[in-house]
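In the two assemblies presented below, subunit A is common to both, partnered first by subunit B and then by subunit C.
Coming up: the complex of A and B.
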């Protein structure tokens, strides 16, 4: 389902990263960096993630010179069970709240929902946010890191960080031009250590549908950016798009998971993942490069494996989601 | 945040219940009943819940004489970690999907999001659904029932069932008149066996804001219906509304959790809870009574404790949410 917007703008963004991301090549683009450990002064990793998310939203409200009561709506989601980071963040804000879950694709759903409220004139200012925390995610989805479980090179590394984006109906330098809502895809893969392969079909489907619905060619965009396929998933997507849809991703395509770390020198295997991976790369790095004019039209495609460990233990395969969001420099 | 709609109608609904709900006083209102066990032919409770949700959506599409491609958007959420029941349901439908999480308040968020897409002319037909499964929820949130852990009388009993609602821009007999999005409330209560007390402040806040925003008195509505406060929470809400807002709930107020079971004769403690509690009572019983003309204006207020067991173990209190949805018989 594709929707074009005429009145949805990005007012401002705020991004925070942890130490691994601070050691990566995009560090200078993030508004705040934690360099020491992953606790940020809190007593647990889960609370540390709430801390990140609260800080991103508070600091963005300050940066935009607004007060809580100026914001109509807060939309947030994350990877914790019961999206706990978002729930426990939201109790600190006196703003109407909507909780969403789409795993690592969360920021796409958040942006398209916020855009729907603004374009429909139901809200004027919508704050959307997401987060992830490497240790909170490892503990919940994989094995406690103390076990030292070896991982295959197709595994990805959950990004620690948070991103907050203020959407508005007031004209700014960058707008949300259109969005395409994706469908859940499941090609029967059960390997939780190869999420790139799992998610590629969902990304392919939504990119194809976005181009079809908008009657655009892939080179309409200066850049097409998937969320967290990693180095192997990225190549799978390129092959899959060519063989299934005859769409050539060799020129203007990249994946946030392969950009946020120095893959040669950091211990991150196939690259970054988690809701804050695409959110940090897009609304830290790409957003600021768009403001400079480096890119004018960008299609972001946050990707998410919306599986449950309970179902994986019951031998079920892994369903995935992706949405497409077209960002455009306002001329 | 309150929004009034002019073009959002309920086309039809489909509800399914398990054996405990079938033994309750509202059984005749549900479209399908499972009487034997809680597996429904599946190998796990989690898969049994997916079965319920898939069946409610499939059967509603059939009942409405539509095909999957006629539906623009599917919005769903549930209580399982990663809203797994909704994710694994959605992979069976070739419909753009949005996953949401608001625990037992899910159906409220689903209805207001679907209404936003329709009123804004972004979609014509939106399917929204939710589910819960007693055993899947007990296993995840409380103790495996095999332990036989005793519970205090303030504890509630998770409803097994699913509900699917088709929202449309085509005029029908009942419309979504307005909605108010609630804020996360946390008054510092940590007792997971007294959710009614925990959730009452969230319900009170959104009812108060809904009446203020719409400039209505409480007796504007034939019926005000909270989601799953149970017998103790219901009384707390009445007291709280009177003492905090001087609003009298003694005449036209009830709680779905106290209606779905025979509280005197079924082993359900303070009443029903779970996302399907308010969804079944509202879109099975109340919806059909509205079609008959018993009620003309109903305010439903699905309530949810959006806590995480991980945070409860870390001694955190329980945040809650509620949204208000005004349903009206079309004259």
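Coming up: the complex of A and C.
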């Protein structure tokens, strides 16, 4: 399902990253960087993630010179059970709140919902945010963080950070042009250490449907950006698009997971993942490059494996999801 | 696209793990750890004038102590990433699995945190260790008569 928008703009963004991302090549694009550890002055990993999310949202409100009362709606989601980081963040704000979950594709769903509220004139200013924390995610989904089991080359590294985006109906330099809601896809992959292979079919399907619905060619976009497929998932998507839809992704396609880290020198295996991976790259790096004029039309496709350890232990394969968001520089 | 065709694409793009290299690293490092334990065993026997069996208990305790301290200092997980199974399989891995779980859940309290999670990884080893001891014990009884 593709929706076109005429009145949805990005007012401003705020991004925070942890020390691993700070050591990566995109560090200069993030608004705030934590360089020392992953606690940020809190006592647990989970509280540290709430800290990040709270900080991103309150700093964005300050940056936009607004008050909490000026914002009609806050939409947020994260990886913790019961989206706890978002819930605990939201209790600090006097803003109506919608909590959402779509794993690493959360930012796509958040923007899509926020944009729809604005286009439908139900809201004027919507704050959307997401976060992830490497240690909190490891603890919840895998082994204790200090355990450090050797992982295969296809495993990814959860990005620590949070991003907050203010959507508005007031004209600004970048607008949300259209969005396509994806379908849940599952091609039978059960390997929790190969999430790129799990998620590629959802990305392929939504890119294909977006192009079909809008009657565009892939070259219409200066850049097509998937969320966190990693180096191997990226190649899988290219092959999939070519063999299924005859769409060539070799020229204008990249993956946020492969951009956020220095893959040769950082211990991140196939690249970054997590909700804040696509959010940090898109709303730190890409957004700022769009303001400079490097890119004019960008299609972002945050990808998420809707992964439940319980179902995986019960021998189920992993379903995945992706939405497509088209961002354009306003002429 | 059907699942089989997709699996072909995935297999084509998935890097092969170097099992032989990993096995050699584990063999050499694990073997070195074994040799170190043997040395320690003989030293303990010599220094404290203990029989081999009792000195063995001391060696195990020493290894548990060293690996737990390394886990607490945040070194053990880095070592495991480098030397693969060499440190996970011996008693060092068992101690590490308990210490790392205890560290992880210290914020949830002594009972519901550390108490209920410390055997999160080690529980499997204990359960199936005991079960296989019974099986092999019975087999030994049947085959050798005791």
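Note that in this section the second predicted complex is superposed on the first by the 331 of 331 C-alpha atoms of A that agree within 3 Å, B and C clash if a C-alpha of one lies under 4 Å from a C-alpha of the other, contacts with A are read in each partner's own complex, and residues count from 1 in each chain.
To be clear about the criterion, contacts are C-beta pairs under 8 Å (C-beta built on N, C-alpha and C of every residue); 3 or more make two chains touch, one makes a residue touch a chain.
Treat the numbers as computed from the prediction; the structure is a model and nothing was measured.
*Asks:* Between subunit B (first) and subunit C (second), which does A:261 come into contact with in this model arrangement: first, second, both, or neither?
*Replies:* Neither partner.
*Asks:* Given the touch rule stated above, what does A:44 touch, subunit B (first), subunit C (second), both, or neither?
*Replies:* Once the two structures are laid over each other on A, A:44 reaches both partners.
*Asks:* Look at A:9 in the shared chain and tell me whether it touches subunit B only, subunit C only, both, or neither; answer first, second, both or neither.
*Replies:* neither
*Asks:* Under the stated touch criterion, which partner chain does A:154 make contact with: subunit B (first), subunit C (second), both, or neither?
*Replies:* Touch status of A:154: second partner only.
*Asks:* Of subunit B and subunit C, which one touches more residues of subunit A?
*Replies:* After superposition, B is the partner touching more of subunit A.
*Asks:* Per the contact definition in the header, classify A:20: touching subunit B only (first), subunit C only (second), both, or neither.
*Replies:* In the superposition, A:20 contacts neither subunit B nor subunit C.
*Asks:* A:109 in the overlay: touching subunit B, subunit C, both, or neither? Say first, second, both or neither.
*Replies:* After superposing on A, A:109 lies in contact with subunit B but is clear of subunit C.
*Asks:* Just to be sure I read the superposition right, which of the two partners does A:236 touch: subunit B = first, subunit C = second, or both, or neither?
*Replies:* The answer is second: A:236 touches subunit C but not subunit B.
*Asks:* Of all the subunit A residues, which ones make contact with subunit B and with subunit C?
*Replies:* Common interface on subunit A, subunit B vs subunit C: 43-44.
*Asks:* In the complex of these two chains, what residues of subunit C are touching subunit A?
*Replies:* Listed in rising order, the residues of subunit C that touch subunit A are 1, 3, 5-7, 9-10, 12-15, 17, 22, 71, 74, 76-78, 80-81, 84-85, 88, 96-97, 99-101, 103-105, 107, 120-121.
*Asks:* Given the complex with subunit C, which residues does subunit A contribute to the contact?
*Replies:* It is residues 43-44, 139, 143-150, 152-154, 187-189, 194, 197, 201, 232, 235-236, 239-240, 243-244, 267 of subunit A that touch subunit C.
*Asks:* Could you please specify the touching residues of subunit B with respect to subunit A in the complex?
*Replies:* Per the touch definition, subunit B meets subunit A at residues 1, 3, 43-44, 46-47, 72-73, 77, 80-84, 87-88, 90-91, 93-103, 109, 113, 116-117, 119-123, 181-186, 306-311, 314, 316, 319, 321.
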